[in-house]
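Each structure below is given as structure tokens.
Consider the two complexes below, in which chain A is the common component and chain B and chain C are the respective partners.
The block that comes next holds the complex of A and B.
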């Protein structure tokens, strides 16, 4: 059910004119941002790292807006009530949606790398191509599971998109997707350490540049995400009941 | 098997909302104010009422989408609050309008997804989906995206979706709203076919002909409470002792309507616009001939056909609803 649901939701998402336009424009912007940031920093040798970081930002944005937006979209489409009415645990109903948003986020990574190569001539020579090929899907699945925890709060909020807007930049900043964590104030360290985005970004970067062992970072990323999944599942059951009490499943 | 498919006792639902941050204003709206209801297995039961009467809230309380503020409800013997999953396995929910489907997916993909969600075994899915396309007469259009469907086709797809897991109880919330007459007739046929196979159907509508044609029993709900319940024939008795005068007119003013309403013997008077014309319907006591007075009140208005007839179910419905309106209604919204 999770696989069929994720594929069909990805199909529905990828046919949205808004999603298509965003998918075409955002990676170019992010690749450009990353390249100029690193060139200005006098580190042109780290352009691949910059492109990978920008791609990860794209996946994160897709998961964040996807999870928040997905619940809101289901509400607008009138499908939120229909899916929550299924005789399944609410987490199982919502997980395919968040996985689908992570899946469509893969495109952001690929497109950012492609634009980086085409526009700025960034060489796509990965230190460990196999580890990179595993780390990216691993990171995507992890973020999908993290998305479930986010989505559980969005079920209750009729204007969930207001919350998602405030979460995009802080998370990719403290996760070190583009700017090294070491360049951030010390107090951000513990926050970054508990976010799966930090470890996922680290694993993907390590696979791309060979700056460290990939598997421990990926393992920690998956472990935190599984914990998020368990917490999200518990919360989802709780908020589904609260949403039925507060009548927030429907738009009106 | 439980004796009743649907049972509700003292069902109530209050919506609470809050607006503003600095000086928050809390509002309470009592949408359902104590509904008692039993629907037998295999029955086709109608819930009739004007907009805002509490029909949809009642359905959502029964199908587990809302938790009652007070009271109890059981579906096939299972409690809607405590045994939610058992209830959901046994019910289907179909509502009217354009929403509720994945527009950018094909009809087949929509049904495939909901079949997974509603636990239809993988080996049965293909056959069941084909059966339902046949039932709702969408065969040949299965692979088209839903965004290209007409409202009638969407509505039929909604019904197919609601039936995927062979529910014992089907909730149909205004399924024919906005559907053209031919599509509405096809929908009615589909609903009648379902009831004939033993599915319990609870249908809400404000189309009288639909309820009259389909339902074995009807409850009229207004102001959040059931005001009358019975077979269509029994409900017609609410208009006993009345006669109806229908006047086709062009340009009846509100003042003239008020004047007619105040005539001796007149119980109800209303105007419905149909195309360029208006149809003035006047219900009066059976022993009082109000025709001459009504026509005098319409002096200066261009008139068409004038017909006197016996009351229909619709007239009885209007009588019931207007009686509620006339009573001192408890305040619907109160500041808390």
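The block that comes next holds the complex of A and C.
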């Protein structure tokens, strides 16, 4: 059910010119910015890191805006009551949506890598290609599970889509997607350490550059994400009951 | 004249309240004040780590850029949300000058942008320890105001394009991302290819960011004046372009009966 649902929603998102163009163009602009910044900083050897980092940023944006809009979009389409009436736990109905947003986020990673290779001649020589091929999907699945927790939180907020605008840069920053965490103030460390985005980004970067062991980072990323999934499922059940009792499910 | 000013001022404020309806105070603070501050911190730490430029470069540039989010999207909303809410036809049926109606709508968004830019600059200066010379403050305020106005008219131009093309939000999103890259706010202009520099010269923010940096560096208003004048010229150019496009696309929408088509 999760696989079929995720595929259905990924197909639906992939038919939206807005979603596709945003997932392709904005990360490419960010990748270009990162490339010129790394060049200006005299770090041409780290351009692959810049392209991978920009791709990860794109995946996070896709999950964030997708999860923020997951419930709201169903409200606007008039399908929220129907999916909540399904004889399945609400988390199982919403998880495919957040997984699909992470899946469409892979367009960003593919776009930034292709853009970097074709336009800037960045060699796509990953330190551990097998680990990279595992780390990227692992990161995507993890972020999809984290997205469920976000979606369950956002369901209580009328203007969740506005809140998502606030959360894009902070997560990019504290997760070390483009900036090493060591360059940040010490107080950001504990925040970054509990976010799956930090460990997912670390695993992907380690696989791409060989800067460390991939599997522990990926393992921690998945473990935190499973905890987010469990918490998100509980939260989703709670807010669904609350919304039914207060008759506010369809109210935007 | 009084009636025209009332149309521009009062009309603009009423439209702002109606079309910017998704914000509550908490959302306003989160989206428009906290968001740009984190954007600034992101680039300041990235620039610091890469050794591209000092904190002052990023704080000043990104504070000017902070106005763009509200102004570009606001300017776009000023036209597009009328269509989305089904009220565009009523506005266009009005016997008053549509040019004045729409140009007036930019003013509240520009005020909004100015507030955001000032807040971002103040907060970032306190957090990262940038000292701004006191005698530079009036010039800096003027620079931020002109940048906000230029961004508002740029947004209105995009909104006018929305009368012709459906996916105006895509255009706005991409435009805001391009402002990050092309205006030299985060990558020093010398590090960009010539065509990007030339494109950046034609966009809002580029000249204002340069003027603001000169003011913060203590070079005085005289040194910043040419860049400030260039930013003002960009604002006027986009205002004229927006007015022309609104007229052309309004006429075309009437002819093609596509005014309310989403």
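Rule of thumb we're sticking to: the second predicted complex is superposed on the first by the 246 of 252 C-alpha atoms of A that agree within 3 Å, B and C clash if a C-alpha of one lies under 4 Å from a C-alpha of the other, contacts with A are read in each partner's own complex, and residues count from 1 in each chain.
Assume a contact is a pair of C-beta atoms (placed from the backbone, for glycine too) under 8 Å apart; a residue touches a chain by one contact, two chains touch by 3 or more.
These figures come from a predicted structure and were not determined experimentally.
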Partner chain in contact with A:81 - chain B first, chain C second, else both or neither: first
Chain B versus chain C as contact partner of A:172, first or second or both or neither: second
First, second, both or neither for A:247, with chain B first and chain C second: first
Chain B versus chain C as contact partner of A:11, first or second or both or neither: first
Touching partner for A:180 - first (chain B), second (chain C), both, neither: second
Touching partner for A:36 - first (chain B), second (chain C), both, neither: second
Chain B versus chain C as contact partner of A:22, first or second or both or neither: second
Touching both chain B and chain C, residues of chain A: none
Touching residues (chain side chain A, partner chain C) in the complex: 17-18, 21-22, 25-26, 29-30, 32-33, 36-43, 159, 162-163, 165-166, 168-170, 172-173, 178-180, 183-184
Residues of chain A defined as touching chain B within the complex: 1, 4-5, 8, 11-12, 15-16, 76-79, 81-88, 93, 241, 244-245, 247, 249-250
Residues of chain B defined as touching chain A within the complex: 15, 63-67, 85, 88-89, 91, 93, 95, 97, 99-105, 109, 112-114, 116-119, 161
Contact footprint of chain A on chain C as seen in their complex: 22-24, 27, 30-31, 34-35, 38-39, 41-42, 45-52, 167, 169-170, 173-174, 177-178, 180-181, 186-188, 191-192
